[in-house]
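Sending over a structure as C-alpha coordinates; questions will come in a sec.
Note that the chains take the letters A, B, C and D in the order they are written out, and that residue 1 is the start of every chain.
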Amino acid sequence: MIFTYQRTVRFADTDAAGVVYFANILSMCHEAYEESLGHSGINIQNFFTHPFVAFPIVHTNVDFLRPMYCGDKLMISLIPQKIGMNKFEISYEITVNDVIVAKAITRHVCIDVNSRNKQELPDEMISWLEANRPDAESAERRRSREEII
Amino acid sequence: MIFTYQRTVRFADTDAAGVVYFANILSMCHEAYEESLGHSGINIQNFFTHPFVAFPIVHTNVDFLRPMYCGDKLMISLIPQKIGMNKFEISYEITVNDVIVAKAITRHVCIDVNSRNKQELPDEMISWLEANRPDAESAERRRSREEII
Amino acid sequence: MIFTYQRTVRFADTDAAGVVYFANILSMCHEAYEESLGHSGINIQNFFTHPFVAFPIVHTNVDFLRPMYCGDKLMISLIPQKIGMNKFEISYEITVNDVIVAKAITRHVCIDVNSRNKQELPDEMISWLEANRPDAESAERRRSREEII
Amino acid sequence: MIFTYQRTVRFADTDAAGVVYFANILSMCHEAYEESLGHSGINIQNFFTHPFVAFPIVHTNVDFLRPMYCGDKLMISLIPQKIGMNKFEISYEITVNDVIVAKAITRHVCIDVNSRNKQELPDEMISWLEANRPDAESAERRRSREEII
(Lines give C-alpha, C1' and ligand atoms only; values in the text may rest on other atoms or scores of the structure.)
Protein backbone atom coordinates (compact mmCIF):
# COMPACT_ATOMS: atom_id res chain seq x y z
CA MET A 1 0.00 0.00 0.00
CA ILE A 2 1.34 3.41 -0.95
CA PHE A 3 0.83 5.94 1.83
CA THR A 4 -1.00 9.05 0.68
CA TYR A 5 -1.45 12.34 2.51
CA GLN A 6 -4.02 14.97 1.60
CA ARG A 7 -2.94 18.57 1.99
CA THR A 8 -4.85 21.73 1.09
CA VAL A 9 -2.71 24.56 -0.26
CA ARG A 10 -2.87 27.48 2.20
CA PHE A 11 -2.53 31.22 1.64
CA ALA A 12 0.75 31.16 3.60
CA ASP A 13 2.16 28.70 1.05
CA THR A 14 1.74 31.16 -1.83
CA ASP A 15 3.88 34.04 -3.06
CA ALA A 16 3.30 37.27 -4.98
CA ALA A 17 3.23 35.29 -8.25
CA GLY A 18 -0.10 33.87 -6.99
CA VAL A 19 1.12 30.26 -6.77
CA VAL A 20 2.87 28.04 -4.22
CA TYR A 21 6.38 29.31 -3.38
CA PHE A 22 8.72 26.62 -4.71
CA ALA A 23 10.50 25.73 -1.45
CA ASN A 24 7.19 25.16 0.34
CA ILE A 25 6.56 22.01 -1.70
CA LEU A 26 9.37 20.39 0.25
CA SER A 27 7.73 21.26 3.57
CA MET A 28 4.53 19.64 2.34
CA CYS A 29 6.45 16.49 1.34
CA HIS A 30 8.03 16.43 4.79
CA GLU A 31 4.55 16.66 6.33
CA ALA A 32 3.59 13.55 4.34
CA TYR A 33 6.68 11.80 5.76
CA GLU A 34 5.73 12.83 9.32
CA GLU A 35 2.16 11.65 8.81
CA SER A 36 3.37 8.33 7.45
CA LEU A 37 5.67 7.81 10.46
CA GLY A 38 2.82 8.62 12.86
CA HIS A 39 0.53 6.27 10.95
CA SER A 40 2.97 3.40 11.53
CA GLY A 41 2.86 3.98 15.29
CA ILE A 42 5.97 6.14 15.80
CA ASN A 43 5.65 8.85 18.48
CA ILE A 44 6.21 12.00 16.45
CA GLN A 45 7.03 14.26 19.38
CA ASN A 46 9.82 11.96 20.61
CA PHE A 47 11.02 11.37 17.08
CA PHE A 48 11.45 15.04 16.19
CA THR A 49 12.01 16.87 19.49
CA HIS A 50 15.55 16.56 20.90
CA PRO A 51 15.95 12.83 19.96
CA PHE A 52 19.08 10.68 20.32
CA VAL A 53 18.93 9.43 16.73
CA ALA A 54 17.98 11.66 13.81
CA PHE A 55 17.58 11.35 10.05
CA PRO A 56 18.75 14.62 8.50
CA ILE A 57 18.24 15.17 4.79
CA VAL A 58 21.49 15.10 2.83
CA HIS A 59 19.99 15.57 -0.63
CA THR A 60 16.72 16.70 -2.12
CA ASN A 61 15.40 17.43 -5.56
CA VAL A 62 12.09 18.57 -6.98
CA ASP A 63 10.56 18.77 -10.44
CA PHE A 64 7.74 21.28 -10.72
CA LEU A 65 5.34 20.35 -13.50
CA ARG A 66 2.39 22.69 -12.91
CA PRO A 67 1.61 25.66 -10.66
CA MET A 68 -0.37 25.03 -7.46
CA TYR A 69 -2.93 27.53 -6.18
CA CYS A 70 -4.40 28.42 -2.81
CA GLY A 71 -7.22 25.99 -2.07
CA ASP A 72 -5.86 23.18 -4.26
CA LYS A 73 -6.33 19.74 -2.70
CA LEU A 74 -2.97 18.03 -3.10
CA MET A 75 -2.56 14.28 -2.79
CA ILE A 76 1.02 13.47 -1.79
CA SER A 77 2.02 9.82 -2.08
CA LEU A 78 5.36 8.62 -0.82
CA ILE A 79 7.53 5.58 -1.40
CA PRO A 80 10.54 5.16 0.91
CA GLN A 81 13.43 2.88 0.04
CA LYS A 82 16.38 1.64 2.13
CA ILE A 83 19.62 2.41 0.30
CA GLY A 84 22.22 1.18 2.78
CA MET A 85 22.76 0.35 6.43
CA ASN A 86 22.32 3.99 7.44
CA LYS A 87 20.45 5.61 4.55
CA PHE A 88 17.03 5.76 2.96
CA GLU A 89 15.39 7.76 0.24
CA ILE A 90 11.78 8.85 -0.20
CA SER A 91 10.11 9.52 -3.55
CA TYR A 92 7.08 11.81 -3.48
CA GLU A 93 4.47 12.32 -6.14
CA ILE A 94 2.08 15.25 -5.79
CA THR A 95 -1.17 15.27 -7.73
CA VAL A 96 -4.19 17.57 -8.02
CA ASN A 97 -7.27 15.89 -9.47
CA ASP A 98 -5.10 12.94 -10.56
CA VAL A 99 -2.73 15.16 -12.53
CA ILE A 100 0.90 15.13 -11.37
CA VAL A 101 1.97 18.66 -10.42
CA ALA A 102 5.35 17.91 -8.82
CA LYS A 103 7.74 15.10 -7.96
CA ALA A 104 10.36 15.16 -5.25
CA ILE A 105 13.00 13.10 -3.51
CA THR A 106 14.55 13.41 -0.05
CA ARG A 107 17.58 11.30 0.94
CA HIS A 108 18.12 10.79 4.67
CA VAL A 109 21.07 9.54 6.66
CA CYS A 110 20.83 8.11 10.17
CA ILE A 111 23.03 9.81 12.76
CA ASP A 112 23.68 9.81 16.47
CA VAL A 113 22.55 13.31 17.44
CA ASN A 114 25.31 13.99 19.95
CA SER A 115 28.31 12.88 17.92
CA ARG A 116 26.65 13.46 14.52
CA ASN A 117 28.28 10.18 13.41
CA LYS A 118 26.40 7.89 11.05
CA GLN A 119 24.78 4.87 12.63
CA GLU A 120 22.63 1.94 11.54
CA LEU A 121 18.94 2.50 10.99
CA PRO A 122 17.03 1.54 14.16
CA ASP A 123 14.37 -1.18 14.12
CA GLU A 124 11.39 1.20 14.05
CA MET A 125 12.69 2.76 10.82
CA ILE A 126 13.35 -0.66 9.25
CA SER A 127 9.75 -1.57 10.10
CA TRP A 128 8.45 1.69 8.63
CA LEU A 129 10.48 1.16 5.44
CA GLU A 130 9.09 -2.37 5.05
CA ALA A 131 5.52 -1.39 5.81
CA ASN A 132 5.66 1.26 3.10
CA ARG A 133 7.35 -0.84 0.42
CA PRO A 134 5.07 -0.64 -2.59
CA ASP A 135 3.44 -3.90 -3.59
CA ALA A 136 3.98 -5.09 -7.15
CA GLU A 137 0.60 -3.85 -8.36
CA SER A 138 0.85 -0.26 -7.16
CA ALA A 139 4.42 0.05 -8.40
CA GLU A 140 3.17 -1.04 -11.81
CA ARG A 141 0.35 1.50 -11.77
CA ARG A 142 2.79 4.24 -10.86
CA ARG A 143 5.20 3.24 -13.61
CA SER A 144 2.52 3.30 -16.27
CA ARG A 145 1.51 6.79 -15.12
CA GLU A 146 5.15 7.83 -15.52
CA GLU A 147 5.09 6.86 -19.14
CA ILE A 148 2.12 9.07 -19.87
CA ILE A 149 3.83 12.23 -18.62
CA MET B 1 -22.04 26.15 15.85
CA ILE B 2 -18.45 27.14 16.41
CA PHE B 3 -16.23 26.14 13.53
CA THR B 4 -13.27 24.02 14.59
CA TYR B 5 -10.25 23.04 12.54
CA GLN B 6 -7.85 20.25 13.47
CA ARG B 7 -4.18 20.86 12.73
CA THR B 8 -1.21 18.65 13.54
CA VAL B 9 1.96 20.55 14.50
CA ARG B 10 4.61 19.86 11.86
CA PHE B 11 8.40 19.79 12.11
CA ALA B 12 8.56 22.90 9.90
CA ASP B 13 6.48 24.78 12.50
CA THR B 14 9.11 24.28 15.21
CA ASP B 15 12.32 26.15 16.04
CA ALA B 16 15.61 25.32 17.78
CA ALA B 17 13.90 25.73 21.18
CA GLY B 18 12.01 22.53 20.30
CA VAL B 19 8.56 24.13 20.24
CA VAL B 20 6.35 25.94 17.72
CA TYR B 21 7.95 29.21 16.53
CA PHE B 22 5.64 31.94 17.84
CA ALA B 23 4.71 33.58 14.52
CA ASN B 24 3.62 30.23 13.06
CA ILE B 25 0.59 30.13 15.37
CA LEU B 26 -0.85 32.96 13.30
CA SER B 27 -0.44 31.00 10.08
CA MET B 28 -2.32 28.12 11.68
CA CYS B 29 -5.12 30.46 12.75
CA HIS B 30 -5.29 31.78 9.19
CA GLU B 31 -5.59 28.19 7.94
CA ALA B 32 -8.61 27.76 10.22
CA TYR B 33 -10.10 30.92 8.68
CA GLU B 34 -9.49 29.60 5.14
CA GLU B 35 -11.00 26.24 6.03
CA SER B 36 -14.04 27.94 7.52
CA LEU B 37 -14.55 30.05 4.38
CA GLY B 38 -14.27 26.96 2.19
CA HIS B 39 -16.70 25.11 4.44
CA SER B 40 -19.31 27.83 3.87
CA GLY B 41 -19.06 27.38 0.09
CA ILE B 42 -16.61 30.16 -0.82
CA ASN B 43 -14.18 29.33 -3.65
CA ILE B 44 -10.84 29.66 -1.91
CA GLN B 45 -8.74 29.98 -5.06
CA ASN B 46 -10.79 32.92 -6.35
CA PHE B 47 -10.96 34.45 -2.90
CA PHE B 48 -7.21 34.50 -2.32
CA THR B 49 -5.60 34.57 -5.79
CA HIS B 50 -5.61 38.01 -7.44
CA PRO B 51 -9.16 38.93 -6.27
CA PHE B 52 -10.97 42.27 -6.74
CA VAL B 53 -11.95 42.52 -3.08
CA ALA B 54 -9.62 41.54 -0.26
CA PHE B 55 -9.66 41.46 3.54
CA PRO B 56 -6.16 42.33 4.75
CA ILE B 57 -5.39 42.04 8.43
CA VAL B 58 -4.90 45.41 10.13
CA HIS B 59 -4.34 44.12 13.64
CA THR B 60 -3.49 40.86 15.32
CA ASN B 61 -2.61 39.72 18.80
CA VAL B 62 -1.74 36.41 20.40
CA ASP B 63 -1.44 35.12 23.96
CA PHE B 64 0.75 32.05 24.28
CA LEU B 65 -0.21 29.99 27.31
CA ARG B 66 1.73 26.75 26.80
CA PRO B 67 4.38 25.45 24.41
CA MET B 68 3.28 23.33 21.45
CA TYR B 69 5.36 20.40 20.20
CA CYS B 70 5.79 18.61 16.89
CA GLY B 71 3.01 16.03 16.59
CA ASP B 72 0.55 17.88 18.86
CA LYS B 73 -3.04 17.71 17.58
CA LEU B 74 -4.30 21.28 17.82
CA MET B 75 -8.00 22.11 17.76
CA ILE B 76 -8.47 25.68 16.52
CA SER B 77 -11.94 27.12 17.00
CA LEU B 78 -12.86 30.49 15.56
CA ILE B 79 -15.57 33.06 16.18
CA PRO B 80 -15.82 35.91 13.67
CA GLN B 81 -17.69 39.12 14.44
CA LYS B 82 -18.74 42.03 12.21
CA ILE B 83 -17.46 45.27 13.71
CA GLY B 84 -18.57 47.82 11.11
CA MET B 85 -19.64 48.17 7.49
CA ASN B 86 -16.16 47.22 6.26
CA LYS B 87 -14.56 45.38 9.18
CA PHE B 88 -14.67 42.12 11.04
CA GLU B 89 -12.65 40.45 13.74
CA ILE B 90 -11.94 36.78 14.39
CA SER B 91 -11.21 35.28 17.82
CA TYR B 92 -9.30 32.01 17.83
CA GLU B 93 -8.87 29.55 20.66
CA ILE B 94 -6.27 26.82 20.30
CA THR B 95 -6.46 23.74 22.48
CA VAL B 96 -4.50 20.50 22.85
CA ASN B 97 -6.39 17.75 24.68
CA ASP B 98 -8.98 20.33 25.79
CA VAL B 99 -6.34 22.57 27.39
CA ILE B 100 -6.08 26.06 25.93
CA VAL B 101 -2.53 26.62 24.65
CA ALA B 102 -3.01 29.94 22.83
CA LYS B 103 -5.59 32.58 21.98
CA ALA B 104 -5.45 34.98 19.06
CA ILE B 105 -7.34 37.71 17.27
CA THR B 106 -7.15 38.94 13.68
CA ARG B 107 -8.96 42.13 12.59
CA HIS B 108 -9.70 42.46 8.87
CA VAL B 109 -10.77 45.38 6.74
CA CYS B 110 -12.50 45.04 3.38
CA ILE B 111 -10.77 46.82 0.50
CA ASP B 112 -10.99 47.20 -3.24
CA VAL B 113 -7.74 45.59 -4.38
CA ASN B 114 -6.94 48.06 -7.14
CA SER B 115 -7.53 51.32 -5.28
CA ARG B 116 -6.87 49.84 -1.81
CA ASN B 117 -9.84 51.93 -0.61
CA LYS B 118 -12.13 50.52 2.05
CA GLN B 119 -15.45 49.16 0.85
CA GLU B 120 -18.51 47.47 2.31
CA LEU B 121 -18.33 43.80 3.12
CA PRO B 122 -19.75 41.77 0.20
CA ASP B 123 -22.74 39.47 0.67
CA GLU B 124 -20.72 36.25 0.83
CA MET B 125 -18.77 37.59 3.80
CA ILE B 126 -21.94 38.77 5.55
CA SER B 127 -23.31 35.24 5.09
CA TRP B 128 -20.14 33.68 6.43
CA LEU B 129 -20.17 35.99 9.46
CA GLU B 130 -23.78 35.08 10.21
CA ALA B 131 -23.28 31.37 9.69
CA ASN B 132 -20.43 31.39 12.19
CA ARG B 133 -22.10 33.50 14.85
CA PRO B 134 -21.90 31.43 18.03
CA ASP B 135 -25.23 30.28 19.44
CA ALA B 136 -26.01 31.25 23.03
CA GLU B 137 -25.06 27.86 24.45
CA SER B 138 -21.57 27.58 22.94
CA ALA B 139 -20.75 31.19 23.81
CA GLU B 140 -21.69 30.37 27.41
CA ARG B 141 -19.49 27.27 27.43
CA ARG B 142 -16.58 29.28 26.08
CA ARG B 143 -17.09 32.02 28.64
CA SER B 144 -17.09 29.59 31.55
CA ARG B 145 -13.86 28.06 30.24
CA GLU B 146 -12.38 31.57 30.17
CA GLU B 147 -13.03 32.01 33.84
CA ILE B 148 -11.13 28.87 34.72
CA ILE B 149 -7.89 30.07 33.13
CA MET C 1 20.57 54.96 20.92
CA ILE C 2 17.69 53.09 19.37
CA PHE C 3 18.85 49.93 17.63
CA THR C 4 17.74 49.74 14.00
CA TYR C 5 17.89 46.78 11.64
CA GLN C 6 17.55 47.00 7.88
CA ARG C 7 15.66 44.19 6.18
CA THR C 8 14.76 43.85 2.51
CA VAL C 9 11.38 42.24 1.85
CA ARG C 10 11.94 38.94 0.04
CA PHE C 11 9.74 37.04 -2.40
CA ALA C 12 9.31 34.29 0.21
CA ASP C 13 7.77 36.86 2.58
CA THR C 14 4.93 37.63 0.18
CA ASP C 15 1.61 35.92 -0.50
CA ALA C 16 -0.81 35.66 -3.42
CA ALA C 17 -2.21 39.12 -2.53
CA GLY C 18 1.15 40.48 -3.71
CA VAL C 19 2.20 41.87 -0.32
CA VAL C 20 3.96 40.59 2.81
CA TYR C 21 2.01 37.78 4.52
CA PHE C 22 0.92 39.23 7.87
CA ALA C 23 2.58 36.69 10.19
CA ASN C 24 5.96 37.21 8.50
CA ILE C 25 6.24 40.71 9.97
CA LEU C 26 6.74 39.06 13.34
CA SER C 27 9.63 36.95 12.04
CA MET C 28 11.26 40.13 10.75
CA CYS C 29 10.82 41.79 14.15
CA HIS C 30 12.39 38.74 15.77
CA GLU C 31 15.34 39.05 13.38
CA ALA C 32 15.83 42.63 14.60
CA TYR C 33 15.83 41.30 18.18
CA GLU C 34 18.44 38.64 17.28
CA GLU C 35 20.59 41.21 15.53
CA SER C 36 20.39 43.54 18.50
CA LEU C 37 21.43 40.74 20.89
CA GLY C 38 24.38 39.84 18.67
CA HIS C 39 25.34 43.51 18.44
CA SER C 40 25.61 43.69 22.23
CA GLY C 41 28.07 40.78 22.25
CA ILE C 42 25.74 37.85 22.99
CA ASN C 43 26.65 34.57 21.24
CA ILE C 44 23.54 33.94 19.17
CA GLN C 45 24.16 30.24 18.56
CA ASN C 46 24.46 29.49 22.29
CA PHE C 47 21.54 31.77 23.08
CA PHE C 48 19.08 30.10 20.70
CA THR C 49 20.31 26.51 20.26
CA HIS C 50 19.42 24.19 23.16
CA PRO C 51 20.14 26.80 25.91
CA PHE C 52 19.56 26.40 29.66
CA VAL C 53 17.67 29.69 29.94
CA ALA C 54 15.18 30.88 27.33
CA PHE C 55 12.89 33.85 26.75
CA PRO C 56 9.74 32.55 25.08
CA ILE C 57 7.17 35.04 23.84
CA VAL C 58 3.97 35.03 25.89
CA HIS C 59 2.19 37.83 24.05
CA THR C 60 2.51 39.63 20.76
CA ASN C 61 0.50 42.19 18.85
CA VAL C 62 0.87 43.94 15.52
CA ASP C 63 -0.78 46.91 13.84
CA PHE C 64 -0.48 46.89 10.07
CA LEU C 65 -0.67 50.39 8.64
CA ARG C 66 0.40 49.92 5.02
CA PRO C 67 1.14 46.99 2.71
CA MET C 68 4.78 45.99 2.19
CA TYR C 69 6.06 44.78 -1.18
CA CYS C 70 8.88 42.54 -2.37
CA GLY C 71 12.03 44.65 -2.58
CA ASP C 72 10.94 47.20 0.06
CA LYS C 73 13.79 48.27 2.34
CA LEU C 74 12.34 48.06 5.84
CA MET C 75 13.94 49.82 8.79
CA ILE C 76 12.98 48.04 12.01
CA SER C 77 13.77 49.91 15.22
CA LEU C 78 13.29 48.26 18.58
CA ILE C 79 12.96 49.46 22.15
CA PRO C 80 13.08 46.81 24.88
CA GLN C 81 11.83 47.44 28.39
CA LYS C 82 12.17 45.41 31.59
CA ILE C 83 8.72 44.86 33.10
CA GLY C 84 9.54 42.72 36.11
CA MET C 85 12.17 40.40 37.57
CA ASN C 86 11.55 37.81 34.86
CA LYS C 87 9.87 39.70 32.02
CA PHE C 88 10.61 42.20 29.30
CA GLU C 89 8.75 43.67 26.38
CA ILE C 90 10.02 44.91 23.01
CA SER C 91 8.31 47.60 20.92
CA TYR C 92 9.08 47.55 17.21
CA GLU C 93 8.45 50.25 14.65
CA ILE C 94 8.80 49.36 10.97
CA THR C 95 9.25 52.10 8.40
CA VAL C 96 9.75 52.29 4.65
CA ASN C 97 11.18 55.60 3.43
CA ASP C 98 10.47 57.11 6.87
CA VAL C 99 6.79 56.18 6.73
CA ILE C 100 5.58 53.82 9.46
CA VAL C 101 4.13 50.68 7.88
CA ALA C 102 3.68 48.53 10.99
CA LYS C 103 4.15 48.50 14.75
CA ALA C 104 4.54 45.44 16.93
CA ILE C 105 5.16 44.26 20.46
CA THR C 106 6.60 41.01 21.80
CA ARG C 107 6.50 40.21 25.54
CA HIS C 108 9.04 37.67 26.78
CA VAL C 109 9.31 35.72 30.00
CA CYS C 110 12.55 34.20 31.30
CA ILE C 111 12.39 30.47 32.01
CA ASP C 112 14.64 27.60 32.98
CA VAL C 113 14.45 25.41 29.87
CA ASN C 114 14.36 22.07 31.68
CA SER C 115 11.73 22.83 34.30
CA ARG C 116 10.01 25.58 32.25
CA ASN C 117 9.73 27.53 35.54
CA LYS C 118 10.11 31.29 35.49
CA GLN C 119 13.44 32.63 36.68
CA GLU C 120 15.14 36.00 37.06
CA LEU C 121 16.60 37.66 34.01
CA PRO C 122 20.33 36.83 33.76
CA ASP C 123 22.96 39.55 33.77
CA GLU C 124 23.58 39.53 30.01
CA MET C 125 19.89 40.33 29.41
CA ILE C 126 19.89 43.08 32.03
CA SER C 127 22.90 44.58 30.25
CA TRP C 128 21.20 44.32 26.86
CA LEU C 129 18.04 45.95 28.24
CA GLU C 130 20.06 48.85 29.68
CA ALA C 131 22.19 49.31 26.59
CA ASN C 132 19.06 49.62 24.48
CA ARG C 133 17.13 51.94 26.75
CA PRO C 134 16.18 54.91 24.60
CA ASP C 135 17.76 58.20 25.58
CA ALA C 136 15.40 61.09 26.32
CA GLU C 137 15.87 62.70 22.91
CA SER C 138 15.05 59.68 20.75
CA ALA C 139 12.07 58.74 22.94
CA GLU C 140 10.74 62.26 22.38
CA ARG C 141 11.25 62.05 18.62
CA ARG C 142 9.39 58.73 18.55
CA ARG C 143 6.54 60.11 20.63
CA SER C 144 6.04 63.09 18.39
CA ARG C 145 5.93 60.78 15.37
CA GLU C 146 3.23 58.77 17.17
CA GLU C 147 1.05 61.83 17.39
CA ILE C 148 1.17 62.38 13.67
CA ILE C 149 -0.23 58.94 12.84
CA MET D 1 32.97 38.44 -10.71
CA ILE D 2 30.90 35.91 -8.78
CA PHE D 3 28.04 37.58 -6.92
CA THR D 4 28.03 36.75 -3.22
CA TYR D 5 25.31 37.43 -0.67
CA GLN D 6 25.81 37.34 3.09
CA ARG D 7 22.96 35.93 5.15
CA THR D 8 22.81 35.35 8.90
CA VAL D 9 20.87 32.23 9.94
CA ARG D 10 17.82 33.31 11.94
CA PHE D 11 15.89 31.54 14.69
CA ALA D 12 12.90 31.25 12.33
CA ASP D 13 15.09 29.25 9.92
CA THR D 14 15.73 26.51 12.48
CA ASP D 15 13.70 23.49 13.55
CA ALA D 16 13.43 21.33 16.68
CA ALA D 17 16.61 19.46 15.66
CA GLY D 18 18.44 22.73 16.44
CA VAL D 19 19.65 23.34 12.88
CA VAL D 20 18.33 25.01 9.72
CA TYR D 21 15.18 23.29 8.39
CA PHE D 22 16.22 21.80 5.06
CA ALA D 23 13.71 23.57 2.81
CA ASN D 24 14.73 26.98 4.17
CA ILE D 25 18.11 26.74 2.42
CA LEU D 26 16.25 27.17 -0.85
CA SER D 27 14.60 30.38 0.36
CA MET D 28 18.04 31.72 1.27
CA CYS D 29 19.36 30.83 -2.19
CA HIS D 30 16.37 32.63 -3.71
CA GLU D 31 17.22 35.69 -1.60
CA ALA D 32 20.72 35.66 -3.12
CA TYR D 33 19.11 35.56 -6.59
CA GLU D 34 16.84 38.52 -5.70
CA GLU D 35 19.78 40.48 -4.32
CA SER D 36 21.80 39.78 -7.44
CA LEU D 37 18.96 40.97 -9.69
CA GLY D 38 18.59 44.16 -7.64
CA HIS D 39 22.35 44.69 -7.77
CA SER D 40 22.24 44.66 -11.56
CA GLY D 41 19.63 47.44 -11.59
CA ILE D 42 16.41 45.43 -11.93
CA ASN D 43 13.41 46.84 -10.03
CA ILE D 44 12.60 43.98 -7.66
CA GLN D 45 9.07 45.08 -6.85
CA ASN D 46 8.04 45.19 -10.51
CA PHE D 47 9.91 41.98 -11.22
CA PHE D 48 8.18 39.91 -8.53
CA THR D 49 4.80 41.57 -7.93
CA HIS D 50 2.18 40.73 -10.56
CA PRO D 51 4.59 40.97 -13.54
CA PHE D 52 3.84 40.17 -17.20
CA VAL D 53 6.85 37.90 -17.58
CA ALA D 54 7.96 35.49 -14.86
CA PHE D 55 10.69 32.90 -14.31
CA PRO D 56 9.18 30.05 -12.30
CA ILE D 57 11.45 27.33 -11.03
CA VAL D 58 10.93 24.00 -12.82
CA HIS D 59 13.64 22.04 -11.04
CA THR D 60 15.73 22.37 -7.93
CA ASN D 61 18.19 20.21 -6.05
CA VAL D 62 20.25 20.63 -2.92
CA ASP D 63 23.15 18.75 -1.32
CA PHE D 64 23.46 19.34 2.41
CA LEU D 65 27.03 18.82 3.59
CA ARG D 66 26.98 20.21 7.13
CA PRO D 67 24.36 21.46 9.59
CA MET D 68 23.82 25.22 9.88
CA TYR D 69 23.04 26.87 13.21
CA CYS D 70 21.24 30.03 14.32
CA GLY D 71 23.70 32.92 14.11
CA ASP D 72 25.89 31.33 11.39
CA LYS D 73 27.09 33.86 8.81
CA LEU D 74 26.42 32.20 5.47
CA MET D 75 28.10 33.34 2.28
CA ILE D 76 25.97 32.37 -0.71
CA SER D 77 27.64 32.71 -4.10
CA LEU D 78 25.68 32.19 -7.29
CA ILE D 79 26.53 31.45 -10.89
CA PRO D 80 23.69 31.68 -13.42
CA GLN D 81 23.89 30.11 -16.86
CA LYS D 82 21.67 30.45 -19.92
CA ILE D 83 20.60 26.98 -21.08
CA GLY D 84 18.32 27.83 -24.00
CA MET D 85 16.19 30.61 -25.50
CA ASN D 86 13.80 30.51 -22.55
CA LYS D 87 15.72 28.83 -19.75
CA PHE D 88 18.51 29.45 -17.28
CA GLU D 89 19.98 27.66 -14.32
CA ILE D 90 21.62 29.01 -11.17
CA SER D 91 24.26 27.16 -9.15
CA TYR D 92 24.61 28.20 -5.52
CA GLU D 93 27.42 27.44 -3.12
CA ILE D 94 26.88 28.15 0.58
CA THR D 95 29.88 28.47 2.87
CA VAL D 96 30.43 29.23 6.56
CA ASN D 97 33.98 30.35 7.38
CA ASP D 98 35.10 29.19 3.91
CA VAL D 99 33.77 25.67 4.44
CA ILE D 100 31.06 24.56 2.00
CA VAL D 101 27.92 23.60 3.93
CA ALA D 102 25.49 23.18 1.03
CA LYS D 103 25.19 23.38 -2.74
CA ALA D 104 22.04 23.98 -4.71
CA ILE D 105 20.64 24.47 -8.19
CA THR D 106 17.48 26.18 -9.41
CA ARG D 107 16.38 25.90 -13.05
CA HIS D 108 14.04 28.63 -14.31
CA VAL D 109 11.88 28.90 -17.39
CA CYS D 110 10.64 32.19 -18.84
CA ILE D 111 6.86 32.43 -19.26
CA ASP D 112 4.20 34.92 -20.20
CA VAL D 113 2.26 35.21 -16.93
CA ASN D 114 -1.21 35.38 -18.48
CA SER D 115 -0.96 32.49 -20.91
CA ARG D 116 1.74 30.64 -18.93
CA ASN D 117 3.36 29.87 -22.32
CA LYS D 118 7.12 29.81 -22.59
CA GLN D 119 8.73 32.85 -24.13
CA GLU D 120 12.21 34.13 -24.90
CA LEU D 121 14.29 35.60 -22.11
CA PRO D 122 13.90 39.40 -22.11
CA ASP D 123 16.92 41.70 -22.53
CA GLU D 124 17.26 42.57 -18.85
CA MET D 125 17.68 38.89 -18.00
CA ILE D 126 20.20 38.35 -20.81
CA SER D 127 22.18 41.29 -19.40
CA TRP D 128 21.99 39.87 -15.87
CA LEU D 129 23.14 36.47 -17.10
CA GLU D 130 26.10 38.00 -18.91
CA ALA D 131 27.07 40.28 -16.03
CA ASN D 132 27.20 37.29 -13.70
CA ARG D 133 29.08 34.93 -15.99
CA PRO D 134 32.10 33.79 -14.00
CA ASP D 135 35.45 34.86 -15.37
CA ALA D 136 37.99 32.14 -16.12
CA GLU D 137 39.94 32.65 -12.92
CA SER D 138 37.06 32.39 -10.45
CA ALA D 139 35.62 29.37 -12.28
CA GLU D 140 38.99 27.68 -11.88
CA ARG D 141 39.15 28.47 -8.18
CA ARG D 142 35.68 27.05 -7.71
CA ARG D 143 36.55 23.91 -9.62
CA SER D 144 39.66 23.25 -7.56
CA ARG D 145 37.60 23.62 -4.39
CA GLU D 146 35.17 21.04 -5.79
CA GLU D 147 37.93 18.51 -6.08
CA ILE D 148 38.80 18.83 -2.43
CA ILE D 149 35.33 17.92 -1.19
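Quick note on the criterion: a residue touches a chain if its C-beta (ideal position, glycine included) is under 8 Å from a C-beta of that chain, and two chains touch if they have at least 3 such contacts.
Predicted model, so just to flag it, every value in this text is computed and none were measured.
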Query raised in the report: What angle of turn lays subunit A on top of subunit D when you fit their CA atoms, given in steps of 5 degrees?
Result: 180
Requested in this report: Could you see whether A-C or A-B has the larger number of C-beta contact pairs?
Outcome: A-B
Report task. Calculate how many whole Å lie between the centre of subunit A and the centre of subunit D, each centre taken as the average of the chain's C-alpha atoms. Result -> 24
Query raised in the report: Measuring from the mean C-alpha position of subunit A to the mean C-alpha position of subunit C, what distance in angstrom results?
Result: 35
Query - Where subunit A and subunit B are represented by their mean Cα positions, the distance between them in whole Å - result: 28
Query raised in the report: Of all the residues in subunit B, which ones touch at least 2 other chains?
Result: 11-12, 14-19, 21, 23, 27, 30, 48-50, 69-70
Requested in this report: Sort out for me which residues of subunit A touch subunit D in the complex.
Outcome: 15-19, 21-24, 26-27, 30, 48-50, 54, 56-65, 67, 106, 113, 116
Requested in this report: Would you tell me which residues of subunit D are touching subunit B in their complex?
Outcome: 11-12, 14-16, 18-19, 21, 23, 50, 69-70
Report task. Using the touch rule from the top, collect the residues of subunit C that touch subunit D in their complex. Result -> 8, 10-12, 14, 18, 27, 30-31, 34-35, 38, 43-45, 47-50, 69-72
